[in-house]
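Heads up, there are several structures right after this.
Note that chain A is present in both complexes that follow, paired respectively with chain B and with chain C.
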Partner chain A sequence: MGAGTDRRSFLKSAAMAAAAAAVVPASVALAGDDGASVDDGLTWDKAPCRFCGTGCHVQVGVKDDRVVAIAGDPKADVNKGLLCVKGYHVGMALYGKDRLTEPLLRKGDGFVPISWDEALDIAAKRIMKAPERFAFYGSGQWTIPEGYAAQKFMKGGLANNHIDPNARLCMASAVTGFIATYGVDEPAGCDVLITWGNNPAEMHPVLFSRVIDRRSRGETVKVIDIGTRRTRTTDQADEYLEMKPHGDVAIALGILNRLRHHGTWDKEFVKKHCNFRALQAGKPTLKGEAIDFDTWSEGIAKYTPEVVEELSGIPAEKIEMLAKLFGDRKLKITSLWCMGMNQHTMGTAVNSLVHGVHLFSGHFGKPGDAPTSLTGQPSACGTVREVGTLAHALPGGRLVAKEAHRTQCEDLWNLPKGRINGKPGYHTVKMWEQFTSPSAEGGDIDTIFVQVTNPGQTLPNLNHLFNDKKGLKEKFLIVSEVYPTATTWLADLILPASMWVEKNGVFGNSERRTQQWFKQVNPPGDARDDCWMTIAIAHRLMELGHPGMKDKDGKFLFHVADENGKAVPVWKWEHYYDMNVDKALVEEYRPFTRMKHKDIAPYDEYVKTRGLRWPVVEQKDGSWRETRFRFSAFDDPYVKEGQDFEFYHSTSGDGRAQIGVHDYKPPPEMPDGEYPLWLCTGRVLEHWHTGTMTRRVAPLARAMPTAYVEVHPEDAQALGVSDGEVVIVESRRGTTELPVWTKGRGRPPEGSIFVPFFDETRRINDVTLHLHDPFSKQPDYKKCAARIRKKGR
Partner chain B sequence: MAVGGLVLSLSSDAVSRRAAEELLRSDPRIEEGPREGLRLAVVATTDTLGQGHELCEALLAHPGIENLEVAYVAPEEERAAVVLHEGDE
Partner chain C sequence: MDAQSYTDAGLVRRRNKLILAGAVALAVVGYVVGLRAGVPEGSPGLTDAGRAAKPANVPGGGLPALTYDEVGAGALRADRALQTWAAMTATMAAPTGKPVIDEAARGRSLDERASRRAYNGAPPVIPHAAHGLDDLSCLACHGEALKIGTRTAKNLPHPYLTNCTQCHAAAAPAFLAGERGGMLAESAWKGVAAPRSGPRATPGAPPAVPHTLQMRSNCMACHGAHGWPGMQTSHPERRSCLQCHAPIQDGAHPGRGLSTPAFLPPPTVGGR
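What follows is the complex of A and B.
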């Protein structure tokens, strides 16, 4: 038998073992609990997938310092050995031919390579010149240690709160919705699954598979898809309810109205666990004001099924049908949503209302019986929400505006009192507006450092928020990236970054699960870790004399010591892996997590597992126990004895969740005679977000090579355009060119079009609207007015 | 050569399920593994990952196969990447 045949036999047996493990769980284990294992020349170790927020675990097969095989991890509760099409190609995303391998400085229209030493110097001096005019822009792809370091650098070091993540563009409304409601998550065991403007069959396929697969085992799961276009999720649905854009707000109000009208709400649950709130008149706040049940009832009284039909397009009898389901306490109902409800000018309101439907009907906090917001990024919850890498937040749910919170952080960071700035920084849209406005016209952000995200493609209304940077000589854009992107096109300094298993990492997924992995291969060329970049720039600033880079004892802000207490110069790349910086930062961060009972375990506990859901609490025998069902007495150790549920840390301070009322308001821009079509944007199965990684994976690029515009056949006929014809899609803000697809996997109704945003050569965000939710500041990418024009006309 | 470990969820409809089972047995690229109820583990071996993709699409399109999940892939070849430029079609 030749070497090739040996290898093929091995790979086939490994493939069969992985597939068999998914069919018959626990029949195989590829790696030991305590780390990497070596088998037939491949070293296998665990890592969470670096794409969406589901947090699937993969087994990574490495040979000769290269990822050569990927398998679903049968030991992982999240995916039980399964992966989606993106997940099994995750290893190939490391090996695009155009990886960035050296720092690059703009010179004229091009770039010249420079050393890391020069690059750090340029970045640090730029920040030193005007620290208050500097901003840091990251994402939910920051690992927890990376986000924590960026957060400490900005708020604890520079006393500057201009740090925000791209999660502001994808999950901010879900967070503010959670906060407005509970001051909370589990779908697999439901009887009814309602998808609210959500397409999990393509965007969270492993999660959706877990539900759908139950049907092939003979179980009954009713799927109700509420959406503005038919998708692959619709294909699996028992009911498809096609709503008008923005109709979700009215639908939720309609369900509440019917539950109240029929008296089928869960009176005991509401009496024990809920308050009622409304927004104040004048200048409303996220917290709102307390109202009594009668006042709340008056607020929803007008949303009769007939009114809701008019607002949402959903027939009145279907609103009654939904209310009847929620009124049935024996059913287990899961609501799932993602960007459809979050990228919404009423995003906080609709999140709060759907949570309200579940609370009012008592479908909450039980396996399969809960509202669940999905995230698109691997650590949007772990890094953005919990580490608080937002312009207004501090780690552990602390707020920069509260003196007591600032003092707590200053104490934990050993900083002099008063170091942390009490004024919230700029949220994403404002930050980029200030950066792309000339300094002479009030644009007071001069330098932005971008890590782990691609705003040059994802910001809405790019001509206003990004492209205007071109030609502004006083503005300086630093971009840490893996590949050339739409953002690096306008960068002044490009820093080559390590990605995924080229570095240590810790993610926190959608379901509160903290997941750890180790570096398994070296990055290409001189690419380096983002966390190291932050620490190295901080050290360079300290050398330049910035007082904020030292704590009150004069120690470096990122002082890291070995087991003998000796400082390790981790700001020098050659020493960065002398010790585990991730572990040091996670241990430093842990005390923050206890502040709101979101306790994470010691770092070493995560090395042994495929993740643990917080709060993770030490047991009498010294073991660490995760919490599957937060706020539920049967599982959450922080629920007071004698209570069945307790929404501790609720906004009203009494352990109760808030059921709000929010009046329906029409979208800020609607189709008219000039721009007669609704434009919705989103994702596709093959590509992750802006496609910078997945478009470099040949099979994925071939499967979905270019963006397109989905058009209803009747609209296409009226416009005189045909399948494959490249047309101009335009709005009042900009244009892009796209081929028409009338028989695509998504089928919009007449008067609506859909365009995916993964393709940097056809940027639909030149067309979208940047108006945003008043609380979460999240823009609405799902609806604006547009038109289609034939080329040449 | 590319190797994939797949999990197929077969249809509960006996006629279409039997057609799928026959197809799987007759395709030399597919090796059947353990089965639990309607869930079947298979290994697919194709010359390239692209062909593997096409095979998966074809299996998914079969009325006797309700769902297909990928548990493993070894991309022996095709580490080629697309280099993108503005204006690329």
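What follows is the complex of A and C.
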């Protein structure tokens, strides 16, 4: 293969030079303890942080082909030079000493190293044998070009819709809730911040401290924390409302009920901009059916404060208090939520209801005055929501089930008509169920290719959805990874991947911001880019004669040409960086983004900036302008003239947003005599998701070395267990062992326990439940029935 | 000299105000303590009666004490004390310049700090003569980082507990010290030393917290404007310290003492 460093450095500088005119010289003065700048001799360039969905920009300091320093990027709107402890150490995530550096093929219980050529051959032949029994499992950490390539390869090439991302597990309900209503952002200027089952002090710390740091300037920000346990967010809150698990649905209904009862809703806003909607009886659809205001009012009439108190555990007068805040038009109210509302068997409903509270009270679409759904991954919005790497979707908000939409995509991709399959593929839970069921028993997925995610640790109820793969000879798991993980543990073929600034990339963060970065160091050993893997496998399939890998004119699906129109063999690794493949794919993708007026700018515009929020629209002077407040006439160029607000592309097709009504339904599993505790799972500040990166970063691992179970002191006493004692946490589905922490990071009430999921040696997802929201298919990781058992009993 | 590193006019004004407030508070406390002198108290905080007796408005703007019940319920980790700081900074002008971080001053502070502790982690002894050891009289100055002459009474790093001298040994009354000062038993004790600074993983990375977080929920007590010279934060307007500064070890974490995180066994690679 001979991919030498010299060539790479050259190619890298060539790629950089292509946009050199545009690159803002990225030098930052590093503040030392004395406040003086340090002459460090490093090369600095920008990149978005690799971790959560906030989308902070960092400055990456490179020396001798290694990342050696990180600084907050003062030019970034998102973080204004601030970071969190993960962001400050993001560069260290590249240098765990067990990086995977060569393709590995399973042989018995171990692996043998093989060449990339063999690896591509094995993967391609496996797919060729039964293309319809192949599935691609991706990620909200996929860059936009990676997701776009995978999407085109599957739906446009293999005519196979079995592609779904891990984001199904973290933001699908926000998407379905989003289709039902709408979202606008900018929480930093609010008067009241309501966190719904959300702990931004740890999970989106930069965003949270931008809000609370305003108190240091003498500004008043009232923080109301609605949660099921006390957290670091509670520590900063003026009000802590402790709800029963699932109580959020009732609370939102209660606020709507009070606004209606007191007549304090925003009549003008609702009259001009909203419709009312309910789920149909019998077989409800996501869209539901239109209803009139009176019918809707009847629907919420039964959710009086007293009823809501019973359902949610929040005192009736606190429901009145919340309704009074929403009834005050002068206040700016931001609602924040993330997994608490999304990982929920009523996830779509509660997303829609909280949007409804904001719409009904007119707290919508103004700076600091809007509902804001946060995502957990850096490109969940960019790659999953917008590129549509979901089993039912196509890029640009198109749906596989609609013939007109398929035709649009076939035309843009220059494919023969009818290439795209009209039947939605398997969503995540179904995909893994089919993979871990024997073929003889109907398990009709035989091969899965996993990129940039770790399902062996993150899928719920792992014993049902992942661990069963062991021993199924006919199943074949291909995993592209940077470190050994709980997923590579059962892999048959491991492909070593480049990560973050070892490759070019484009992310799309929580607030519609598209962010670009360049490759800045070489990956270790023989690790290679995920996007290249997809293209190389596609090319190998074409060589094997798969007809789908060519377009109508017989050109390769990923045909990339240089400026003279000459094809560049980017499927060969040694030529991959001859061109900026990211740029080529982004430019190919751009027409899709205009279909729903989520326009992204030309690639080179992103090189110049710290990200731009779509729709990005070209101005008369040739510059490109981002949109901060979507649907608001003062900022969004796509709002019709004469309107102050327009919810264009709304489901009702009339530019109006939907206020729904959804009846409270209890969670599918609740504590009982046998399993008396509520189990909630989640993250901690120091570790990002499964900890495969952050646990290899010493300052983070040191601060948070292992997972634990948070137990209320009274419960601990009743169980006869003490701090530090390792106990068995179990449910009807599985078991794991964890040390007890009674006065820990978070403080659950009696009858509740909490376990973070970052620790691969203490996998709480062996215990969680895989039941999911009926519309978004997103599982509820936040509540199931569990118990604690002392070891040896 | 602590506050001299800040030249910001707002801080100076604030300091003057504090001195005035402190003088008033001292007068009030003196009066109250005087009235109470010789009246034996129960053990406030240990009983329900103690809880009911919790002072609602503590002179000097301090916080009502936690009961032992509340401590047991995890309130120690709630940043209640931080809210005092919030009240302080709310009226303070935003800092306009960075304080001068003076390495020499930091060294002197560390030495002075060490002189009050038998080992790193020991509660410091009370470094001044104290006649009224009623908890309210401690709070008169320590409730709000009061500057008196050249000395600053540090704010509480932990939420207010009622019985200060339970942990903080008072200096002996002067009449005893003079007479029996030479009678201390000799000891070969050599306590563990405090770290000199928190390590940075890379240039520009925020330094890690070199101490545990136990009994330290109010970072500003030591690192705020009225904290130790040379150890003050350059960015007091930021309120979520642990967002960026991870502790080297959280003494309360059940996994403390692990040198490395546990991973699944690596793949066995053979056939080379």
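Going forward, the second predicted complex is superposed on the first by the 750 of 793 C-alpha atoms of A that agree within 3 Å, B and C clash if a C-alpha of one lies under 4 Å from a C-alpha of the other, contacts with A are read in each partner's own complex, and residues count from 1 in each chain.
The criterion applied here is as follows: a residue touches a chain if its C-beta (ideal position, glycine included) is under 8 Å from a C-beta of that chain, and two chains touch if they have at least 3 such contacts.
Values in this document were obtained by computation on a predicted structure and should not be read as measured data.
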Touching partner for A:Y95 - first (chain B), second (chain C), both, neither: first
Partner chain in contact with A:E511 - chain B first, chain C second, else both or neither: neither
Chain B versus chain C as contact partner of A:T706, first or second or both or neither: both
First (chain B), second (chain C), both or neither touched by A:K743: second
Partner chain in contact with A:S209 - chain B first, chain C second, else both or neither: both
First, second, both or neither for A:P113, with chain B first and chain C second: second
Partner chain(s) touched by A:G81 [first = chain B, second = chain C, both, neither]: first
Touched partner set for A:T488, first chain B, second chain C, both or neither: second
Dominant contact partner of chain A by residue count, chain C or chain B: C
Which of chain B and chain C A:T761 touches, first, second, both or neither: both
Shared chain A contacts, counted only where both chain B and chain C touch the same residue: 61, 68-71, 82-85, 88-89, 91-92, 98, 206, 209, 212-213, 215-218, 484, 489, 695, 697-699, 701-703, 706, 760-761
Chain B residues within the chain A interface of the complex: 1, 3-7, 9-10, 12, 31, 33-43, 45, 49-50, 52-53, 66-67, 69-76, 78-89
Of all residues in chain C, those that touch chain A in their complex: 72-74, 76-79, 82, 86, 89-91, 94, 98, 101, 103, 199, 201-206, 208, 234, 236-240, 242-250, 252-256, 258, 260-264, 266-272
Chain C partner contacts - residues on chain A that touch it in the complex: 30-31, 33-35, 38, 40, 61, 68-71, 82-85, 88-89, 91-92, 98, 104, 107, 109-113, 201, 205-206, 208-209, 212-213, 215-218, 230, 232, 234-236, 484-486, 488-489, 494, 685-686, 691, 695, 697-706, 708, 713, 723-724, 739-744, 747, 759-761
Contact footprint of chain B on chain A as seen in their complex: 7-8, 11-12, 14-24, 27, 61, 68-72, 81-85, 87-89, 91-92, 95-98, 206, 209, 212-213, 215-218, 484, 489, 695-699, 701-703, 706, 760-761
